[in-house]
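Given below, in the form of structure tokens, are the structures.
Next come two complexes built around subunit A: one with subunit B, the other with subunit C.
Take a look at the complex of A and B:
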């Protein structure tokens, strides 16, 4: 009962509270929340084209959520995904532009791998400082995110500045580094979509079905006991930061190779940040991560329609997200509320 | 219900037909329990016998399902500990509830602080505490920070705290669990003083030695039922144990002569220095095959550091360790375990178990033959894991509803059995046991002692570190006494006396051949 309570009921209640809170805000500012959410749903799922938009948007969010969730299995809170995603995108842009003459079957995966490597390298420094020298990893991740964003700007405005583009961006990557489309009508759905399921399956099997995953979980749940048991704790801590670094790089690469085909300043609307509340709410359940990512993607995609139709600022999505992060931090409070009706009389 | 006994003698506490049920469990099955004014009454029983539940009812934490409570002949109903405190019931908890950053006086008055209008009156607090101290002969400095005082002192602070709130009935929950032999004697004196001024004392404990020494009467509970109340003077420790467990127990196990005499472990001049502190100073000793080497010493004498270094997760700053003829000092914990060293760490929750993982997962944690549990190179072999776990659970009689139950759901004794089951398997040649039976009931202690004795009898070795002097003395072949990071002496357990060891534990250099007078205490 307790396990089920945590994995299903708790996140649902948190989501409901978040939407109720957003509704109250809308009401206070003189809007109709029903109308607004109706417009949001319409914008996200109202027609096949919108649905495809939502799905495309969900792909990087979902991979980021899996990345955060994987680090969490080892007991570490990962807020460095955003920076690693940017550096990963830089890596795949470099490989996509400057490696030429390869067939798609080689160039596409190679470019992805370069992006993943870049993401992993970006995670390596905070990982080493945290694991070897016990530096606060939250602070390290925050610094690295900022640095990543400036490095990206340097390359976009500097050495990799694209010729004749309207907005600040690089040149286009080679055709051979681009994901083919699964369908192009009524909207373009990229084959990158399938990578989500591959990532979900690989992570699930690793964490729950392999001995390494078992030792990783033990490390995450009690690092001291794991060390006393002779488990190579450092190895698993590196794995749980570097692996998600590669996943973040993958998410960045997918954005470049399936959507923009070039590196644009500010291309990520915060996928790495979206991943955090999803990972926390889903508590490691892969199905919940996928559903949560679609929900977050739908909020982002639908919010512009909401702004047009109902006049509610699309920033309300940020409010909902912030409320969710707060809710996760207040988990004990929610548990208390949920446990009250069934409380045993103790006098 | 009316008090049918003669009015001449009214009990300080009279609990009648107390029934307390939790979903699926009857914790107290119509227990009658009465304590006379001014007596020391021991309430004993194994873990889960219901003694803590009964006392929590008296202290107002639980409400009984049925039954009634009379204090001095008057029926009472407590809805919270506040009611109980107001009625003169005080509790001295096993884990002291003190705030380290506050001074002794501040801790004592916490919750009913003297005030000057709205401001906390610290001077009044100090003088109030001093008054109680002089009344009961306590030597406690009220202005001292609680973080700086010893555990024995902290316990006194807890007692003063209860007295400050006007307690007439004092409940002590496992009061000697963390004390040294000297502090235990001191506590005995305090209890007698309290009794002399007419306080009523209830001792919850499972340590028979103190029960026999301190109490006037003993009430034994077993599986939620009251078995018997006896006068301490008319009974023996053996009888009480029998009442508690329901069968005869033999804590010392069956010691058989072992032939092997070669050393399994040779420690030479082991030193550990951290942050300018000498935690271990030239520790040297040998351990033979087929031997239980007990390590006695007050908490923090270097025992934990020693076991940590042998198990490989602290690095010594000097010295050597030879294990079965090979150097052990530069090895990783995993390699050390693969060579047959089992480790029962001192803190089962922090170091021994992953509480949020299930029992099967905990039973294979760091198992030296992990290949057994892997199939196709990387995957968990669940069939093997469950077979292994089933065998361990059965042979250690771990009480659990299933193998896939979280370790946190089990009682402390059963949790400790998981660790013992894991660390004392056929692969271990040497077992380092640090406080292996802390907080366990007699039945489980007996079982773990038997495991150690069996290991010893089959030529394995056990390094048994314990704060329980009785345990060390009854189980060991030889006893190593540590004080302040040094080995004071290693003596033969057959001829060692409590006094001899107690003196070395507090730093007296052993004087062989000469008997010390008891009045030197």
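Take a look at the complex of A and C:
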């Protein structure tokens, strides 16, 4: 089997396995998987309003997936996106509430940039410790995620506590920092939607069509060889962690500025974690990343309908997600299984 | 008098809170010494806590529950052995995947069995009543779960096994230089597989302590950061059982402090920030000792030629 086919076949096989596993689990617990997945699809794409819901949900997931994927080009596994997203959201909430009297054309981008900067700053410490002192970056990312969630709680319950909201949250951000809606009927679709395509285009062109992107990928393939070839390896490693930090901050800011308009405790249902299996399965292909994000968003959005119609808990989505990450860890196993029939014929 | 009682309350809660981290870290030590990153501690502990509750729920015997927790951990360890040892998969990915998967599967079954994120109350292992007869300290000693004592014994046993037995020597060798060990005639994969299964069993016990020793139920997310702390304690304790225990007790101290502050009405200190202390301390220590002797082959799969396709 040739390599090209495998990069497409392998993720598809993994997805099929994950859904088969989920179906078996549903069957064992006395539910009808066909009915359940039908209800899920109905809930995600059944009517225009649901489709818009799914698209809105896909926006932050997609940006996070691009962030993870960009770091992967440089050979680093980025699981710090969730923390950077939270801190980015905190940054844009601060800028959105406390900067006043600016017109929308200035305040909106300014707030986005503050969010991106916050996300980038949160990525800077793990980046520097990993690149300069070779500290395990996976562990650092996990710690920073935990610290970020506590810091967020501190601000929401402490200094930035808003008045008179049902949930623990901050005050609302200024009108001038909110994304305008593209359409409001049958459901609200925010203009933030277009940012995904901008991010996709910029990253694709940078990684595949510029000299810098070439050097970045060379660094990812083999750091030692890249250094001997005169590539500034450290520069690209910093770029590949700080850039995604800014992207994670952007995703967090978009959630605040286009959906909630305030910082709510636990506002992110794990967008940063969603991004990881998508980035791993898509192998850096931007179209696959966008499709994967829509698939994941559809699973999340459709799962509440599945719970209502078919009585299957929406938590099955988490099972599918975990199964997918385990599948990627089992890549060698899948390759071995897939290559066996071919081998028998040769032998 | 008041001062004294608050010190005793603190000490009791430090022991209670650090027990799952101590036990979990002992399991993690085996896995990490043999060269397999134990990022999956969180997932294993979740499995242990859930199945310990489930076993007790069906049999009404908490000790059978503990065995179920250990068995569930062993199953998680077996999966680890299959994916990261036999097939040489990426250990970080496996850890992350198992954490997500265990969280998802247990939460799904909670909905199926209990229709809620909190299980029914089951029999627990809160007290060790036969110690009550000991004069003076008896009443305090009997306040702890028997699993606490098992944990204390476990630290001694693990230290003995690692430093005083041929098996311990092999474990340390396989984490540093698997190729040499294979040349010497040992089976690298079987040894590592054994270590991760052992790790799963011990962390399963830690999970059982959470659901039966600390509470008498299981709820989603009850493991919270405990598995993560067990993972950190191994690294911060520089792979030696006694130092790891010290680190776990330190985490227990911060946890107890945070709970006291939460209850206290006189001191208004943000408890969210106290909870970040173990993580911040870990980052600082990792920064200072970035040259710690960690097992040299850690996170490097030792791959079998036959699966190279």
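Going forward, the second predicted complex is superposed on the first by the 340 of 347 C-alpha atoms of A that agree within 3 Å, B and C clash if a C-alpha of one lies under 4 Å from a C-alpha of the other, contacts with A are read in each partner's own complex, and residues count from 1 in each chain.
Here is the rule we use: a residue touches a chain if its C-beta (ideal position, glycine included) is under 8 Å from a C-beta of that chain, and two chains touch if they have at least 3 such contacts.
If you're wondering where the values come from, they're calculated on a predicted model, not measured in any experiment.
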Message: Looking at A:226 after the superposition, I want to know if it touches subunit B, subunit C, both of them or none. Which is it: first, second, both, neither?
response: first
- request: Please name the chain, subunit B or subunit C, that touches the greater number of residues in subunit A.
  value: C
Query: Should A:124 be classified as contacting the first partner (subunit B), the second (subunit C), both, or neither?
result: neither
Query: Just subunit B (first), just subunit C (second), both, or neither: which does A:113 touch?
result: neither
- prompt: Which partner does A:212 reach: the first (subunit B), the second (subunit C), both, or neither?
  reply: first
- prompt: Touching subunit B and also subunit C: which subunit A residues?
  reply: none
Statement: Counting only contacts in the complex, subunit C reaches subunit A at residues 39, 79, 83-84, 87-94, 96-105, 107-109, 111-112, 225, 228, 231-232, 235, 270, 272-273, 275-276, 279-280, 282-283, 286-287, 290, 303, 307, 309
Contact set on subunit B toward subunit A in their complex: 22-23, 60-63, 78-79, 311-313, 332-337, 343, 345, 350-357, 361, 365-366, 370, 373-374, 378-380
Residue ranges of subunit A in contact with subunit B within the complex: 209-214, 217-218, 221-222, 224-232, 344-347
- line: Note: in the complex, subunit A contacts subunit C through residues 25, 29, 77, 79, 125, 129, 133-136, 138-140, 142-143, 146-147, 150-151, 153-154, 157-158, 273, 276, 280, 313, 315-333, 335-336, 339
